[in-house]
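Step one of this worksheet: look at the structure below.
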Amino acid sequence: MIDWKLVLEVIGILIYATFMGFIFMGIERKAMARIQRRVGPPIYQPIIDTLKLLGKKESVSHGFIYDFGPVFAMGASIAALLFIPIANFQLFSSNADLIVVAYLLEIPMLGIMLGAMSSGNPYSALGVQRGLLTMVAMQLPYGLALIALIQHWGTFKLSEIVALQQTQGWSILVPALFVAMIVFDIVFQAMLGLEPFDIVSAPAEISMGPMVEYGGKHAALLFTQHAIQLFAETAFFAVLFLGGASNLLELLIKQIAVLFIAIFVASIYPRFTIDQAAKFFWKWPTILGIIAVLLTV
Amino acid sequence: MTNIEVPKELREEAKQHDMYLHPIDKDTYELFFGPQHMATENFSIILKMDGNRIERAIVNPGFLHRGFEKLAEQRPYFTNIALILRICVPESDVPENIYSMAVDEIVGWEVPERAQWIRTVVLEMARMSAWMFWIMGFGNEIGLYTAGQWAAAYRERFMRLFEELTGGRVYHIYTVPGGVRRDIPGDKWLRQLRDTVEYLKGKMKDFDEILFDNYIMFERTEGVGVMDRKFALKHAVTGPNLRATGVPYDVRKDDPYLYYPELEFEVPVLKEGDSLARVLVRRYEMEQDLYILEQLLDMGPPSGPYMVKDARLKALPRFKPPKGDAYAHVESTKGDFGVYVVSDGTHKPYRAHFRGPSQSHGVTVLEELLKGARLADVPVILKTLDNCPPDIDR
Amino acid sequence: MINELMIILFAPLIAGVVAWALDIKGIREAIGIIGAAIPLAYLVKLYPTIIENPIDYSITVSGFTLQFQLNTMSWYFAAVASLVGLAMAFGMAVTSRESYDWLFALMSFTGVLGVFLSQDFVGFFLLWELMTFASFMMVLRRNRHESLKYFVLSVIGAYAMLIAIGMLYAKTGALDFASIRQVLYMDAAMGTITTRETAIIFGLFLTAFGVKAGAVPLHVWAPGAYSETDQSYTAFFSGALSKAGAYGFLLLYILMGYKLYAAFGTFHNHLTFAYIIAWIGAITVVVASFLAVLQEDIRKLFAYSSVGQVGYILLAFGLGSTLGFAGGLFHVLSHAIFKGLFWLVTAAIILQTGKTQFKDMGGLAEKMPFTFAMGLIAVLSLAGIPPMAGFASKWLIYEAAISAHMPLVAGAIFLGSALAFAYVVRFLYAVWFGQRPSDLEDVKEAPLPLLIAMALLAIPNLVFGVAPGLVTQYINKILGGEVVGGDYYKLVTPTGTYNALLVTIALVIGLAIAGLVYIYGAKTRKIPVTNTYQSGNPVTEEFNLSIRRNFYKPLAEALEFWLKYSWDRFYERVAGMAEDFADSLRQAFYNGNVQSYSWYLAIVLLILALWGVL
Amino acid sequence: MSEMKEMRNENDGVISYELQEFKLFEPLFKWARKKSLWIVAFCTGCGGIEMPPLATARYDFERFGIMPNPAPRMGDLFLITGYVTPKTLKRIIITYEMMQDPKYILAHGSCPINGGVYWDSYNVVKQLDKYIPIDVAIAGCMPRAEAVMDGIMEIMRKIEDGTADGWKRYRENYEYYRKNQDELFGEGWREKDARRWLAWI
Amino acid sequence: MDMNEKKVEEKVENAQPVEETRPELPDTKEGRLVREIVEKAPYAEGSVRRERRVEFRVPAERIHEFLELASEKFEMLMQISTVDWLKEKEFELVYQLWSVSEGIHAFVRTRIPRDDAKLPTVMDIWPVAETYEREAHEFFGIIFEGNPRLGPFILEPREYEKHPLRKDFNTIGYVKVIYGEDFDRYDESKTNYVI
């Protein structure tokens, strides 16, 4: 009855994704450090950080939701990962399509927000406000980019999108989808919480925003969640625009390429304020998105 | 004008500390901004917020108060140098210099040419390293860490030069009344300084590309924290902040000291008065400072002693200047930095009163500019005013 | 023998009248609940029957024959309405203080059921008006101004409908749906009714149903009316009454679809008239959601949210594809259950705290844990978190919109759903979390009937979320075809799949893994809000540490330009102008001078005479 | 006033909680703690000026996993950068108590040790160790960046052999520290200090 | 802050008679400026110290009037320095003015008795004076009438009440009381402090 092969695949991919996600975080820090002409931390540093946070001997809480938030966020990230076709491992991806995955990738945000809000700290609340407004702002261009993609390939299923790309060439080779890719890439900065859209954490303004109250194991959970999310999002990008991958190595190369673009953009731009970000998202990315969408109707 | 009228009874009660005041005004909330915060140094602002807009800001300084002025009254004149330079950490040469200049004036010393030249070089180097520090602070606060990291690394070049010249990285204890403590290490040092200046000149282009021409930097600063000329004068705004409102006031030009009368340089002035203007004025000043350093190096150090010849300098702890008082000020990167020294003829100053530029920038001006600003503007305003909390606290 | 349909239809009304007449505390509540439960019970009982064939019933009243039919579609709508109605009755058992409320609430229940069951325009219109009247009376009790707004717009809608019905009757000579449909179908080919007349009829119906559904720009009554009534009743008002408008749009398709297609043709491969409906829906979604985000009153927030969610339904119907209908119909259900739940939660909050403004609330999660849990379910469902009913329906609408090649409309859904995220989180933050004002220290959990009502609506949210196939398979029956495939847990459309059970399992797996990590960590201890990061400063509870007002001020600033324009203000200006005009008319003409009246008469006669001559 | 009392109790009981003992993975966590010291971003004195060089190209402490972080809950290492005034010390204590065990304090410069140049100042705390436990102190004014690095290395070494036990000392001798704090600031200083602002906002 | 409430008692005998003999003013821009101002304000006593430094002595009760007049020429108030002349039992307040247009620094000196240190605020002329006055109030206990924010500013309430920059404030003694005695620094003979 139980499909043991699938179970093994799920466990394997989860471990791989978590590990690689941490490595991606390490790459991010290392690459930033190199751009800043520093040596930078070892590439496995995020793993150490997470272990240390988990190894804190005390822990504080503001009630059930505060504990539930990070757990929920990480759970949703794992769930989202299971529905993305990771290279030749399809996992559950035939059971849910792009819209479901896009939604599942947004839930962790809600989890973090829930927990952050329940602490009652004004800095967290400001972070929540900014996080949600960033989401509101980016959702329109994000949606348009996805719509353009779906319209072009005529299917919602990620596995089919990958298959079509492997026969007909990558999405970015299609002019309209290239435009969509640019839009998606701008939105991607916001999804990863990097400059110029790291408005949510903004250390100099609101001291990490939603993360400010988290410590110890809660923060460890959120770091793990971030790692999985990072892996899932880069994989999502690769699947949507870079033709997916036939094996993990190919996927890894594509993911790292995506990551590097994000890092390069992040290291040369300062941060927007939240209203500027909203106005920005509703201007150029939206116009580009509409162009992409109209080109693919 | 900040007009925070709190009913007297309420203040009395607050002083008694045993009242129960429930937040009556639920429209706003309180945000404690600093001191344990990345944007402020050890400095606190209490913000009364409405959404993301600031309705009222109350500055709470004093975290760095060490009673310098009291301590200076308890120490001999020359020992004080080692103390008062700690007022302004990023530019520790400025307090040394003004204090020495004031004492020079009280005693009536004519500082030797060479010492003046060295003092000018040191001040300009301090300015340049403070600019690098400012770029770092500003970059970090608007989220552009790369520029900040680069700038902090370039600052290290000056730190190394300072170390060679004075023996200290941050606190130099170098300029003393009557001259400087040591001579220049040698021509090699001058060559290194010239190399550094050349190097930084090339690097200014990098900063232009990444920071000063950055579209988002413009977005963040344009129209934020605007003050006009009249406001600036009434609030004793000095330095680049004043020049950004259209007043070409620079102590180096208007009240020249040391070697500055012999130097050619421009005073950049913009008239918008917003954060962007303040940023750009600073940008132009960096160029001017490099140019000044270049000129100084071209002139070369004048020959002669680096310290006045005076019998009183034999026994420094018992050094007694005549009765009198003097006010000396220099142009620091943050503005007009002054000191008022009163001597009653004993070996300790009777009073040394420092005037840091942030005393005006960091309290009334900040409170005014923050009214109606967004929370995200707070670090921008703080950093474009170049607020330095120890100036206020001392 | 009394037909089941009549029992379904009139049981609430009779119960309401009895409750009103008896007016004994305790008994009137019991009667009301029983009256509200009867329709649901009968509908459940009749379910096997109507699957096979519809039940018809007709009565003749003074020459008019009123026809009622319980077919698959009306059963669906009626069942949704009855479910919310029952929850409403439970809720009203504690929130309502007077028998007046019972009378009109149950009267409007009857009206709604009647609208869904009617098969001719006489009954439809009468019961529509009954529903409007009863709900108007509910609002009138609380707030005169808002009720007036509602009344004026309803009257406009009613007149529009009356004229449209009249025109249809004039053209087709029939009032029952079946014959109208037949005639219009024939007429589509012949074209005796001109395009202009069709357009007028269409426009009038659009106005009539748009008012009830609260489509932009006719939504202005909704925020006021939804918030200025008993909140338990609003669960029904927004959950079921607004569906009457949506039902009306569906009726347009059934009756006039082919004719409209013939008259207007297509626009970029879309039915033109449907395209209009879709865009009305899309605009409603975006505008109402933006406004909901910026509200400071809990009732206003959900009122605008209701408007926006009904916009989704219109949008789905406007797509014109069967998938769109499926999505819209599913959303009728899910909106009814999650928004009904929201309003009941609101009712509980308002009942227990007596506050409606967000700035007066906070930190209630500890005081009302069950209500909070219910509120959380509603939030998850509305925000479209899989696996909740709200997600399944939204997912269908997404699929439909994108595969119908209406990209900009689909973009509106994306924006709308992000906005929905934003406003529900605002609700969560302001009401449940943060600092608790000291006057809310002794708030208690909501009373039992209200909790039952909430549970009644919360369970379907979960059940239909995990097993959306239950609904879609029934919708397939309504639409007469395999529109949405799959089984109970899995939805399959031609282009996409959504396996709710698997998503649930994946989430559970994820939560389990995260939970294990959590449990491995150090034991937590609870700390108060004063022991949080305040930049190192000591604080006490006396400080206000929650953002109570203007939470989304940055958004308001980004939208500054658009927020200058308001339909509400526009109407008020129009009303003011009308008033001024009327005033000047009164002053000019009705000046009390008999001589001038005779002059008017003479002029009118002259004009009539000339008209006759020319 | 009930919540007032609650709060006071909470602050009093700031150390009366259970500590988690990780049996199996303790060595791993110990290693991780050593390799990942996050500094609470609190520039308490003039030593803060040496933080940027430490974080940037010249010294780059991120090589060792050290990173400034504004959130005290995530912090491990509290760098007391220089002299401490009573006004700052209040904030230091609040922030320190907010950090989660295990946590370490590195006192930077002469001033926290004995007052340094400010030994006769009325507003500088003379011996910080009386108020909060210090793990490693670096002498000098201003200590060079290398000295700070050395101090951090010392902390790492102490974490490894388990002698960086300031947080344990704080728990065990809480009465002593509390007494000293109250002597310096007066009883109930948290509320008093907080309420100073009530009239102004 | 409660000192605000104290009534101001103007003491007529404190008003110093206007000096008859004035030192000669040089014919430089500084001299011309001083002459111009002194002509308008005969109660003040002006002199030129050196290039770009001028000095005025003004009786305390007319200080506001004088500064209002001076603010036309001197746009900026750089600082209000207070010197505590313990022997004379007086506070000397030095208003440091700077004229941007002329490039001249002016000391405006006034003296007030230590035991009744009150002055009108100049916030209405230079809003920035608020800070300076708060500071002077905090460290010396001078009351500036009309400044609403006098009170603990930089210091904590305990030190604020002591006004630590007054000459009669014993720092070492205070430090010993507050922070304990074990920090003392004596030289070998235990007689002198080592600084």
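Labels for the chains are A, B, C, D and E, by order of writing; each one numbers its residues from 1.
Please note the rule applied: a contact is a pair of C-beta atoms (placed from the backbone, for glycine too) under 8 Å apart; a residue touches a chain by one contact, two chains touch by 3 or more.
In this text, all values refer to a predicted model and were calculated from it rather than measured experimentally.
Q: So if I look at the partners of subunit A and the partners of subunit D, which chains show up in both lists?
A: Output, common partners of subunit A and subunit D: B, C.
Q: If you average the Cα atoms per chain, which one ends up farthest from subunit E?
A: When every chain centre is compared against subunit E, the largest gap points to C.
Q: From the centre of subunit B, which other chain's Cα mean sits the farthest off?
A: C
Q: Where are there more C-beta contacts: D-E or A-C?
A: Counting C-beta pairs in contact, A-C comes out ahead.
Q: Suppose every chain is reduced to the average of its Cα atoms; which one is closest to the average of all protein Cα atoms?
A: A
Q: Report the inter-centroid distance (CA atoms only) between subunit B and subunit D in whole Å.
A: Chain centroid spacing, subunit B to subunit D, equals 28 Å.
Q: Using mean CA coordinates as chain centres, what's the gap between subunit A and subunit B in Å?
A: The computed centroid separation for subunit A versus subunit B comes out at 43 Å.
Q: Can you give the whole-Å distance between the Cα centres of subunit C and subunit D?
A: It comes to 57 Å between the two C-alpha centres.
Q: How many Å are there between the centre of subunit B and the centre of subunit C, using C-alpha atoms for each centre?
A: Comparing mean C-alpha positions, subunit C is 63 Å from subunit B.
Q: Can you list the residues of subunit A that touch 2 or more other chains?
A: In subunit A, 36-38, 54, 56-60, 122-123, 126, 129, 203, 207, 212-213, 216, 273-275 touch at least two other chains.
Q: Multi-chain contacts in subunit C: which residues touch at least two other chains?
A: 438, 521-523, 525, 527, 531, 533-537, 539, 542-543, 545-547, 551-552, 554, in rising order.
Q: Would you please write down the residue numbers of subunit E that are in contact with two or more other chains?
A: Correct list: 155-157, 164, 169, 171, 195.
Q: With touch defined as at the top, which chains are paired up in contact here?
A: Pairs satisfying the touch definition: A-B, A-C, A-D, B-C, B-D, B-E, C-D, D-E.
Q: Okay, in this complex, where on subunit D does subunit C touch?
A: 3-4, 6-7, 10-11, 17-20, 42, 71-73, 90-92, 94-95, 98, 189-191, 193-195, 197-198, 201
Q: Which of the residues in subunit A end up touching subunit D in this complex?
A: By the definition above, subunit A touches subunit D via 29, 33, 36-42, 45, 48-49, 51-60, 203, 207-208, 211-216, 219.
Q: Any idea which subunit C residues touch subunit A in the complex?
A: It is residues 268, 293, 363, 365-366, 383-386, 391, 395, 398-399, 402, 405, 407-408, 410-411, 413-415, 417-419, 421-422, 425-426, 428-429, 432-435, 490, 493, 495-499, 502-503, 506-515, 517-518, 520-527, 529, 531-535, 545-547, 551-552, 554-555, 557-558 of subunit C that touch subunit A.
Q: Of all residues in subunit E, which touch subunit B in the complex?
A: 1-2, 4-5, 52-53, 75-79, 81-84, 94, 96, 98, 100, 103, 105, 107, 123-124, 126-128, 130-132, 135, 139, 148-149, 151, 153-157, 164-165, 167, 169, 171, 195
Q: Could you list, by residue number, the parts of subunit C that touch subunit B in their complex?
A: Per the stated touch rule, the residues are 359-360, 437-438, 533-537, 539, 542-554, 556.
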